[in-house]
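Okay, so subunit A shows up in both of these, paired with subunit B first and subunit C after.
And now, the complex of A and B:
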């Protein structure tokens, strides 16, 4: 890049660096604190570790061991996984069929049904708790994993179906004509052509849903009745704050335990994430 | 291979009639082109033969079989689309093999057919590539290859060359001709380009507003267009139309109008011409210079276009714009007057109301 362009871009780069710093510095502080023992945390600020960074003896994994074993966060991590993955999978699975139907099949009431489905996004989920909980109790779904999978699927379907539908509607009609002449039934066309082509949309929808469910506290609290053996990370950490609010070493370690997986998911599937944000403009 | 018979085919979308009472017999092994402007119903007709559109009225037969209710996959046809319609997530081999796989064709046979078609089209080295790695021309070849491996009774082409650049279009045109010569499969080809129609078709059907205007061999539509529309559609640059009065003098037909007077030779004179007619003269039938005032036109030149093999001269005869295609070495000045001789043996006369060809 020629020098003039570089200089012209400097203000932009500086601004980005400043913003990045504002975000990273507190997080960095938390990360460092999570590796320090309680005495050091109380005694000195986290930034004081830098001069003696490599001399050893400052950092330990005690806090992590403490939260994972002592406070049961390992169990909660697995619960979070066991809630998020199936709920996201079910939700994406159903949404892909629904989106295909709305995008490419003709039936009476299609438009109205689609508008109703997308319109459901308007309803605040808090309003659904009171009507649904009694039903859940009767069906013995409260406090069970299938119960919360069902709940998350229902809450996620409108947006998920909408996004996948927009992508699928952009698939050129010619492809369907060609598949029809080649001899593919609608189901074959769906499995062997539409789904493979829709992978970017499905992947980004999967990520959005997954992160939303992983970070959710409210739905878990309501539908899992705060039972400790099925509590996800969000609930456990909320309890930790209540019970051990002064033990910063535990809280910071717990924060990073809960951040670990989303960070991995995000960084490894970054390009699908970005594509998902541009969902409307992406075509097959 | 089979003939395709369309009998009184009509297609209506609500109030709109896209194809109206179309009857046509497409002979076995022949290359038939449906040509016409956008919206004339040619693609709709093709799609009805393919089974992608339902037929409102009428009957379509492929061979001896009535296929109105037969789904596309069972009609033994193959189609090549304007936008290629290649499956983007499959490589070329699988794109071509897809239809055969669905029919549970044995693997060895699939391999043989795909390789045969690929060799024929010169894309054997691209079998492992994905469509996005190919150029437009290569993609089109894959689309054609996909149709060939099916060994269908009828090939259907829907404006396959429209997305290619001019040079590639000419090249692919000749390749398609050679392919047809080799395979001899009944082909129905849709295009809006009259040059493609003229060069590729054994017979062409010129369509307008859902109705076939003329169905004949290409040269026939050029020499003897059935109506004014066909006359103006076939041939480039388009035929010139001049309003004229027809009269009879000494047994010879005289056509006169603003700035011209033509006395037709005996062989072409008719008594029963209406008073008001439309005269049609092709640009290539205007020559010059002409020494006498009779049987000639005088144009005031507005634009000239040098094509290399001919010189196009655009001028005005009174208020009407006229195009002439002259020898490229002719020197013509803008705003000057050119006298052009008219070939009286090839000019046409049309009825202004019915648009039918009278002469």
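And now, the complex of A and C:
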């Protein structure tokens, strides 16, 4: 590259650098602070660790042990898993059936119903809580895992069905014709042909939905009320912020515990995640 | 037997007639049942039942409930009809007016910045070799929870009195340049609202960037090269070619952002809980439900959100119908 081109490109590199800095510094500060001693956190900024970075003794896992044991975040972590994995599995399962029905089966009202589905993708969940809550408390579903699985499944269905439908509608028709000549029923076709082909699409929908549920605060607050024994990470951390708002050694470690799994998923399955986002870009 | 049977009114005939009618009806229902494509419905039924129960039924009931008063039951003897009282509250109460103003502020600033930054980054990053790295950095916040992001930024905004060491990055920078530390989340009404909106922008810019970048890479490069060879400056290439070609995608992304931001809840709930004039509709709705036990007002607030979102709902449906038509 010649020097003139390099100079001409300097503003470009600088602008990108500023963006990258703004995006990375807050998270970096959180990560460093979560390993520091409480007294040091309150007394000096996290950036003061850099001059003596390799002198040792600055970092420990104390804060993590503190939040996982003392504040019960280990329990919340398991709760988060126990909420999001089944809910995601159920909703992907039901959505794949519905998507196939909408894409390849013929029945009256198919178009209207699918448009309703598209419309419901952006409905504010706030519209749904008040009538459901009394039913939930009558059926003893409030504050239980099955209750929140059902709610998350239903709330996720419009988008997941839409995404899987878009994929399934693109499967070549010949495949179905040859299957029906061979005498396969729709269910067999679905199970033996459509599902195996759709695995990549189902994977990205699964990841998308999993992260949505893992990161959800509102639905968990509403349906699990404030019961600590079923609270997921988001609810527990929101409580920590309210009750221990200045104890940064707890808050930073807790926040990082909640971010760890999404970050692992993100870095290992980025391809699928991005595909999910590109396919679902109309979702609210 | 005192009853004299006469003509068509004889009990026997009536019984026969009714019997035949019943049989015919049964047969019709049977034929109709058989004509329904059970196998087709079987695929979509579980999803439709869940959606009907969790989304359609509650929507109708919440609209109705917004005309009734306090209490935490849906309807019942203790819940009284109050007409438009909840609605006058929504549009006249000072706290509510603040919330509506803040939602408008969020909608404008958040949407403009996420889409704007996303567009700029998509175009700029295409020209450097470390594109993938920076893209990952910008996109990371999209994977974490808003609760996590709120803690991250609460720490950035942390405030200590001027005579102590600052532990928040932002105040440390202010002090390093000789300024007084600022209570970023307390300075009403502009600084704290702006600081909250920054958190939202930080979270969602990556989303916009990824979609706009995919669209940008679909633009045939010879088109841009041709313009450059004809002597167009970079700015004109951007303004007259790239921007018009990306406009449809940007519009889709912008509507997604507006829909997101109208429902904004987590960031405010965690960082300020709506104190210091930072209230928004969704947070107020939560308070009315669980702190003030007023399902009537909470319903009205939910309906406000719905009304704001309906235009985008219609837009989505029309866009979908157009897509299907073109298929």
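As a convention for this text, the second predicted complex is superposed on the first by the 257 of 284 C-alpha atoms of A that agree within 3 Å, B and C clash if a C-alpha of one lies under 4 Å from a C-alpha of the other, contacts with A are read in each partner's own complex, and residues count from 1 in each chain.
Convention: contacts are C-beta pairs under 8 Å (C-beta built on N, C-alpha and C of every residue); 3 or more make two chains touch, one makes a residue touch a chain.
For clarity, every value in this text was computed on a predicted model and none was experimentally measured.
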Simultaneous placement of subunit C and subunit B on subunit A, clash or fit: fit
Subunit A as apex of subunit B and subunit C, Cα-centre angle in degrees (nearest 10): 90
Touched partner set for A:203, first subunit B, second subunit C, both or neither: neither
Partner chain(s) touched by A:81 [first = subunit B, second = subunit C, both, neither]: neither
First (subunit B), second (subunit C), both or neither touched by A:102: second
Contacts of A:184 with subunit B and subunit C, given as first, second, both or neither: first
First (subunit B), second (subunit C), both or neither touched by A:129: second
When both partners are placed on the shared chain, which of subunit B and subunit C touches more of subunit A: C
Partner chain in contact with A:45 - subunit B first, subunit C second, else both or neither: second
Subunit B versus subunit C as contact partner of A:172, first or second or both or neither: first
Superposed arrangement (fit on chain A Cα atoms) - minimum subunit B/subunit C Cα distance in Å: 17
Residues of subunit A that lie at the interface with subunit B and also at the interface with subunit C: 284
Parts of subunit B lying in touch with subunit A, wherever the complex brings them together: 50-52, 71-73, 77-79, 81-85, 87-89, 98-99, 102-103, 146
In the complex with subunit A, residue positions of subunit C that touch it: 36-37, 39-44, 46-48, 50-51, 53-59, 61-62, 65, 72-74, 117, 120-121, 124-125, 127-128, 134, 136-148, 150-156, 158, 165-169, 172, 202, 207, 210-211, 214, 252-253, 255-256, 259-260, 262-263, 265-266, 269-271, 273, 282, 285-286, 289, 295, 298-299, 301-303, 305-306, 309, 312-314, 316-317, 319-321, 324
List of subunit A residues in touch with subunit C within their complex: 9, 12-13, 15-16, 19-20, 22-27, 29-30, 33, 41-47, 94-95, 97-98, 100-102, 105-107, 110-111, 113, 115-134, 150-151, 153-155, 157-158, 161, 185-187, 190, 211, 214-218, 221-222, 233-234, 237-238, 241-242, 248, 251-252, 254-256, 258-259, 262-263, 265-267, 270, 273-274, 277-278, 281-284
Subunit B partner contacts - residues on subunit A that touch it in the complex: 172, 174-175, 177-184, 188, 193, 196-197, 199, 284
